[in-house]
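Both of the next two complexes hold subunit A, though its partner changes from subunit B to subunit C.
Presenting the complex of A and B:
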């Protein structure tokens, strides 16, 4: 064998370094900029950053809170990673999560039976809502030749308002102590159990791990994953090879919608035990998920790690506010800086990738 | 003499595009510059128009030396260019497009009426009819070209460069254009016409310069030359003799009947094409690129399903079917452009080799990829075709052009389909890799495969083909076998000459 083992190791190292390099630089720059802002506002940046890390990951309590928050971000991130990695720029995770969360919440209170059955049916219902909503966007985009990005983005507002309307008028909690609370009835049987009795972390996190592995397997080991990846890397190559691009698009967006819907469902069954108006959007889960997927260049395991990191940032932010009197917005600033660097990478890739492609297409140089 | 370009030399990376080229232009003259793709005529015009700067050489306008750093320098000296792809704003009116950059304004506002009047005036003076208030996107292509010409005249150009002006036009529009050019020259404008359509050249040009491989190889007055002679100068003498041995052709692997295609604007891209390829033969399609080859390939391979006529691959009717279906029927396809169509640069070598086979029984079971088989297959291909790679998970973009091409050729040949479409199989690669690919194509033919070979390198077609079709302006009207071949006549037909 001429193809040497040593080269393989070199490849793995190089690949690992390359995929870790960008998130690492982004995180470092984010922390530096955050530190500068803390220093400018009169705080001690080193104490604050240490506080952030300790607050996010420093104790069993911190870790479980972080992982609880990370759960919906992982789902949204996987959803985005699958779509973006296949070349379909869907921003629809937010809307799909909202409808998933809402559908699961009302399903769980309207059926009866053993909790395990209620859980499975409700989660499936949430997933189905995500699938349907994603497929509608896919259909509109394919049929009327409009950008998927715009369609999905706009449909997020529609989903939010639908859920808000239904929660306000048709499914409002009749037992709420606070008459102003816009929320559905509390789920009694059919909540996702906690992993450790004293902490908020629930089985949704286990489902998230399972989904990460499943997506990893699907992307790396199946012919569908191969076709999706090729469509993302060079759609013309995929067409040329005989891949049915329409079918691939619908399948990819279907699974992407399913993941987001399931993420929303886990959030209402595991954390809130009901649908509360605005619970998905105020958490910023979908957006964080997209950032996580950008940070990880659409690699499922990378999405998982980045999601946990982003969640930890938020948890830590809350903690430094309490302990160091530094506003928790500092973690938003760090996330903002991160987003900026990560999207800058996207823009650079896009611009230069296109320029390079144009140069090579322009065969008529001579 | 209104224009003189003296000893122009232009070198790109390693390619010499212009070797010491000199041309002159008189007032009111139509000068045609002809040559094959890559002969250096576009480069020369880019230099004249200020888009490129020469490595050495001078440009004189009315006897005064000029240096053009950009197109606006050239425009100031009265040089205008009608681009092959029009530079117009589609959603704006004809007037707005023509006056762009030279507006008449009232204070800070645009004086629309005065501008419109100006456009009417221009249009009347040069007898180029346009509706000043129409949107450009609502005008037919021929009118858009008129707008482009008016725009340049509005900038007071005295020297007009037309770059392949007829390539996007219908025959009637071409006639119109040729008349316009003659009229403009009679009004004292000087014209440079870049083209490889010799019929048009013989109709309008006063003088003809032939370029080949970056040099001027001939300069003739129209009266003293003919299409035959010009095509001979353009193509040169082809001495390559076929290297293939005789073989009894077997069953038909491709049959195309009455294939026609019209684009959105109504221009005929392909007209009534009838071709056939049998197992055990290589059939070449000779033609100057841009005469419908790309469109023909797209129809045959299923990348374009919008055409009329009938196509059969290996006896299966694949008319208007997509790529997947035709590939299953027995097609393999070496694409025109190895990076645009033929590969994903960011994907690994193995992933690039797998394309088209990801659902075959050999490499996948129930949707799961069989990596052992895939690795074995890729390894064998890399070994047998001498593709220089360091490891199988290497990215495609890290391969050199020749190696990437070899890999793509290997992928398509090793599918062992009865029919192969090979487009530009050796474009832009070194001689060694070229020879190797030629051998592999011949080997496939000798094993009974049928190959349709499309190449802009005439020598390649002559070397490999059993039979040759000539394509010109989307039509195939002539066929040669390698026994009765006359390369001079072939070149003549490729460039649009008519035989009685």
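Presenting the complex of A and C:
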């Protein structure tokens, strides 16, 4: 009994160290590259990186701003984790979020009733939009053997244009003070309430936590999660094992679209209270979500943690732009560099693992 | 009036101008596909080239130096992708997307650091790539419209497409690179230095993307806009797919996409809304890929039927 317990602790610790070590290394490398770029462009790298961290996590205000920004990233990250973890490289989160945000915003202003009903109906409408858009991409990709990556990327541009068109010509806010503002009417009843009255953090964040747990349960404890994972690891083996890969693909991409659509809906009901043209693309939520999912090797809880980290990086970037005069895009650069090192990790890991195994076996190292 | 001969000539002219950067990028995608590298980074390579060519142009006023700077920056980015994908064995999809995003962030960052502006940078002192005037064509009005405002780089794109074709199908090294694409292990067993060839191929694709970037920022216009490439790198991947990675096939595929972009630009002057016209290239890409598969399936089915009929007739 004692032995088993120790083994279990050893196992957990080893797994924890393994899973934290590599993101940590890539974050450090990302920050180093970012520091070098800041130094080259004439700034003080240490002050800037300190400012980046303090600006992202240093105060109650900073933390709530970070968590508010993290909310859509978590949804996009979960959506990507599910799709990429099952072997479908969908980049469609951006388009699905745009349509989710737009649909939720116009649903919330066009129905009336108690606010809880409006919230539920609008969030479901946003989710449905995400599902439909994701299924269109899945259908084109499956039926016509086109790379899902290309289809979803092209459909993101199209979704942005659809939402922009409808906002400009059919649902434009008639009360807007600024005549040039391309936005829908403000949602009065049916906005997601704030968790703390003084800060921007809203209940969308709680929904994000719930979704994280739900996806965790689905991936680890249901047969659907097992089938999805198997078809990601080895599609032929999955087929051989009797998994209907087409059905799995549609289901995976449907849930992935639902998560992205819900993320967009929470953003428009919780943060902006309307759909503003370009609000999803300019935030870069979908891309950050995909990075978060890569950093965490598609593990839902890891996605949650990395999303908060990446959101903090951006919030901090905004703060050093104000204080140190360094453009906030430095956080994009750090994000990108970090991502490249994150995937380089897989093989380093694999090589070390193989070397170790061969040493233990006493075999020659090839 | 709408379909007067002049109007069509202007559309053809615009198509050629839209097409040549796409052609460079699609050729880059095609040669990488031939060498069994999944390269997604054309977008980033073009963007970095467009940016640095404008920077060098502003400070030196020399077109040659700007093109050189753009091409060098693009080659560096592509070599970086090559290093991560080939040496560190990182996922090509992720590295490509990450490079594109890093470059988008970095160019915006540097735009602010160097010129202290955001969004668009343009300056009256910027020099465009000189236009080539063909004296024997200028006598005919239509031909002079079709070929007006084209630069050396525009004409070169067609020449390079043919040169790439000759290189891949008529030389030994090209043959070896194609062999890597067909079966890299077999090529390795014959003593081909696979990684070296792949690295050189991806670096060369950087040169092509460099030309494309220079054309975008110094061809018909002289400015740099954030994200000036607007998904052209991804459309180039689709063009590569449609052209079956064959240089001449890719030439026609990028002609098609160039035509779609030119039409999108032209229809902006009509009553159609901007959002609809700017969706045209993306919708066309998806439709073209669908039609491509349907046509391929139909051809396959027809061939099967022919074989079946022949068997039935002979037996």
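Just so we're on the same page, the second predicted complex is superposed on the first by the 330 of 366 C-alpha atoms of A that agree within 3 Å, B and C clash if a C-alpha of one lies under 4 Å from a C-alpha of the other, contacts with A are read in each partner's own complex, and residues count from 1 in each chain.
By definition in this document, a contact is a pair of C-beta atoms (placed from the backbone, for glycine too) under 8 Å apart; a residue touches a chain by one contact, two chains touch by 3 or more.
As the structure is a prediction and not an experimental result, all values here were calculated from the model.
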Residue contacts on subunit A - larger count, subunit B or subunit C: C
Touching partner for A:223 - first (subunit B), second (subunit C), both, neither: first
Which of subunit B and subunit C A:28 touches, first, second, both or neither: neither
Contacts of A:41 with subunit B and subunit C, given as first, second, both or neither: second
Which superposed partner A:140 touches (first subunit B, second subunit C, both, neither): second
Which superposed partner A:59 touches (first subunit B, second subunit C, both, neither): neither
Subunit C-contacting residues of subunit A that also contact subunit B: none
Subunit A - residues contacting subunit C, complex: 37, 41-42, 89, 91, 140, 144-147, 149-151, 153-155, 157-158, 161-162, 164-165, 168-169, 287, 290-291, 294, 327, 329-333, 335-337, 339-340, 342-344, 346-348
Subunit B contact footprint on subunit A (complex, rising order): 2-4, 7-8, 11, 221-224, 226-227, 229-230, 233-234, 236-237, 239-244, 357, 360-361, 363-366
Complex contacts: residues of subunit B adjacent to subunit A: 12, 15, 17, 37-38, 40, 42-43, 214, 301-303, 322-328, 333, 335, 337, 339-347, 351, 354-356, 358-359, 363-364, 367-369, 371, 379, 382-383, 389-394
Footprint of subunit A on subunit C - complex, ascending: 84, 88-91, 93-95, 97-99, 101-106, 108-110, 112-113, 231, 234-235, 237-238, 241, 273, 275-276, 278-279, 282-283, 285-286, 289-290, 293-294
